[in-house]
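Okay, got some structures for you below.
Two complexes come next, and they have one chain in common, chain A, joined by chain B in the first and chain C in the second.
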Partner chain A sequence: MDNYLEVRHLSKAFPEFQLRDISFSLPPGYIMGLIGPNGSGKTTTIKLILNMLKRESGEIFLMGMDNLTHEKEIKSELAVVFDSNCFCGDWKVSQIENYISVFYKNWNSGTFSRLIRSFQLSPEKKVSELSRGMQMKLMLACAFSYGARLLILDEPTSGLDPVSRDELLTILSRYIEDGEHSVLFSTHITTDLERAADYITYINDGSLFFSGEKNEFLDMFRLVKGGPGELTGELKSRLLGLRIYSTGFEGLIRTEDLKLFSHLTAESPAIDDIMVFTNQKEGAL
Partner chain B sequence: MKLIVSNVSGIPIYEQIKQQIKSAILSGELKEGEALPSLRTLARELKISVLTVTRAYTELEQEGFVNNVQGRGCFVMGKSSQLIREQLICRVETHLTEAIKASRMAEMPAEELHHLLDILMEENIDG
Partner chain C sequence: MNNILKSARLDFFLVLPYSKRIILADIIMPVFYTFTTGSILSGVSFTMCMAAILSCYTFSVSEKNGMEKLYGVLPVTKKELVLGRYVFTCLMGLFSLIMAIILHPAFLLLMKKECRPADVIISVIAGILTFSLYTVIQLPGYYKYGALRARVFMYVPLVGFFAFLYLLGSEKKSLTVLLGHPAVLAFAAVLLFIGAYAVSIALSIKFLEKKEL
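Up next is the complex of A and B:
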């Protein structure tokens, strides 16, 4: 099977923001994290994939089909969960199925009731009475009940407590376990991805910074630290980001440049470190 | 087999998994022909990414510890596997070199070192 999601040279211009030449692909059976600071273009990318925004150039294929010409077929294989609740607040959990299931020809009632039970959602509660975590689980229960093979989540973990975040990640890893489901997951809370994601796509200021295996992404960089006297001009020119403090400095360097500075303390960065150091504004410390 | 991962050890997670499986094989805890846990199940249970486990299993295969049968799983190779034997010999060499270095520091004659090895081998005859 081909990639579940394939984005090629995607571009879109707004008066104050441009998404430029974004390409990445997600094979079946894996989790990809879409990362970048606020305003970098994550949600724009997702909206373009879903045809909620009109692209200017580039191509997008979902399950091997063009996202514009085969929109209907694609959407029966695709589940989307946004960061805010998408159901009417007055609906009871027990009523949701009646309202939603009519839109999906593959709706499986048995799966839905099983998920409602295993997510411990009380059928008599109204949507507005559910916590953020519970609303998220309700949306996931719907998403999983019509056999969607690709799940796209936009900032699913913002506003969730650590317990609910952990539950969500457990649900996602169970979803992909059979190798036939994939997840694209945008977030700026990167600790969620540190363990669970297979692939990382990092968009920075509308451009693609990296897309590939997470382990490879983390291997590309090292965090170097040293005392004030050790920050030479040569080193400074190689650093992708730098923070100086009174007793020393720390900076991000490409792993291949590290051999030039073997006397310095170096460690593996976290995804957060890479984002922070690659987003420093000129002159700001 | 016990498999645990640490987030703070500084050792990459795939390496941690690899080392633990390796020592389970070398100690005989995992026997020839036994299957390793399913890659995707292990990833879910340890809450790590599928590709991290894939990397550990692929490297174990390259080093001759396991045999990856497409669609069926990953199986432990016998300790007689040439590659594993080489690794073990390499380990013997490293440790003997350490012993030689230490004996020089202690100004211990070679004869005494040989003798010591004989005694130790006799003591550990069952191990």
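Up next is the complex of A and C:
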């Protein structure tokens, strides 16, 4: 099997938003960051993968199976952690296993108990009494307890403190270590991906901006800086985004265009820089 | 255990935290109602009315907790989820009915009031009939509009119950004739149970499959 996740020419139209021709693939043993600003289409893409939304066109394959015709088989090998709790708030941590495990034939009670202990989740606490970070850990404990090969996380770090975010990234890195598990990780907190992701899929305003290896993504752009007099018309036309200060400017340029402006100071951008500059509205330059 | 039973089991755990409230409203209150009216028929009908109202807790609890995400990732089809909910609803109705036909006659006998076996049989049939009628209307409504927007469907059993009481009180010929013929009533109950549930389930599956979670 080549890829755990393969999305081909995926499209979905809402009255006020359109996801257009999204294609990307994720091989086994890697973490892919699904990035984009709020409302760009990340959650829509994930819901289409999970068949929670109906697509207009395109194809989705998970573990080599079509997501419409093999929905049940796929979902027993797929784990999902959402940005908010998906269990009943009145359930106790100790009860969750009893309620959920029957749906998964590969459920491992030992793994679940070990994770509950290692995540320091109090078994007698109700789900609603857990902090957001603890609720996320509970969802992760369930996700890891039935040997899911693909883990999809939809903005799991958005409400977490830096310590919990760091813990999550460590857990994810361990999860893919054996080369038989993969993670699709949607976030707009891109610093998490600098550390953990191998691949990046960047969706902007419903369209695919980039999908490929993270290093290739970062190598595609450079952050150029210069004094007020160095911002020429030609440079402006080549910049993908620009910030002007009283002391000068900084902008994002394609690496291939950099040779035309070799006198400028250039550095590698962070994923955040690429997202911010490529999201500047028309006329901002 | 197949996926339909697993889904019904999950629904049971969904309402389990509210079990005290459910027992009070579905079991204890109707007993007092029977004690006040002295009629097992209206008492059992009240039980089934409450059972139909309370069975919709599954919708409101799952909606309140944002559990459509959980349903979206479980390895079960939407059809199995719907069938599971119908199984749970019917089991809840059956449990209420069994409790009612044990407690209500016992209470009446304790109070030295009359309770003939024929009254119990008619009450059981009428209970099944009314519960089926309420739930076959309610469930597709909840699937189509969701628990919050479909609150009006919660009142279907109440309206039905008061209509039943009105017909009972005014001794309308049709109802008197019907209650006087348990065999006809039983046949109607079976027919309604099978036919109406088949249509109701088909509609609910259609609504949920069309719904984007």
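Note that the second predicted complex is superposed on the first by the 283 of 285 C-alpha atoms of A that agree within 3 Å, B and C clash if a C-alpha of one lies under 4 Å from a C-alpha of the other, contacts with A are read in each partner's own complex, and residues count from 1 in each chain.
In this text, a residue touches a chain if its C-beta (ideal position, glycine included) is under 8 Å from a C-beta of that chain, and two chains touch if they have at least 3 such contacts.
What you see is a predicted model, and the numbers here were worked out from it, not measured in a lab.
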{"item": "Chain C versus chain B on the shared chain A, clash or fit after superposition", "value": "fit"}
{"item": "Partner chain(s) touched by A:Ala197 [first = chain B, second = chain C, both, neither]", "value": "first"}
{"item": "In the superposition, chain B vs chain C on chain A residues touched", "value": "C"}
{"item": "Which superposed partner A:Lys75 touches (first chain B, second chain C, both, neither)", "value": "second"}
{"item": "Touching partner for A:Phe17 - first (chain B), second (chain C), both, neither", "value": "neither"}
{"item": "Touching partner for A:Ser268 - first (chain B), second (chain C), both, neither", "value": "first"}
{"item": "Cα-centre angle that chain B and chain C span when viewed from chain A, reported as a multiple of 10 degrees", "value": "150"}
{"item": "Minimum C-alpha spacing, chains overlaid - chain B and chain C, in Å", "value": "27"}
{"item": "Chain A residues contacted in one complex by chain B, in the other by chain C", "value": "none"}
{"item": "Residue ranges of chain C in contact with chain A within the complex", "value": "1, 3, 6, 9-10, 13-14, 17-18, 61-62, 64-70, 72-77, 212-213"}
{"item": "Contacting residues of chain B [partner chain A, same complex]", "value": "7, 10, 12-14, 40-41, 43-44, 47-52, 55"}
{"item": "Chain A to chain B touching residues, read off their complex", "value": "29-31, 169-170, 173-174, 176-179, 195-199, 213-215, 267-268"}
{"item": "Footprint of chain C on chain A - complex, ascending", "value": "47, 50-54, 71-76, 78-80, 82, 84-91, 95, 98-99, 102-104"}
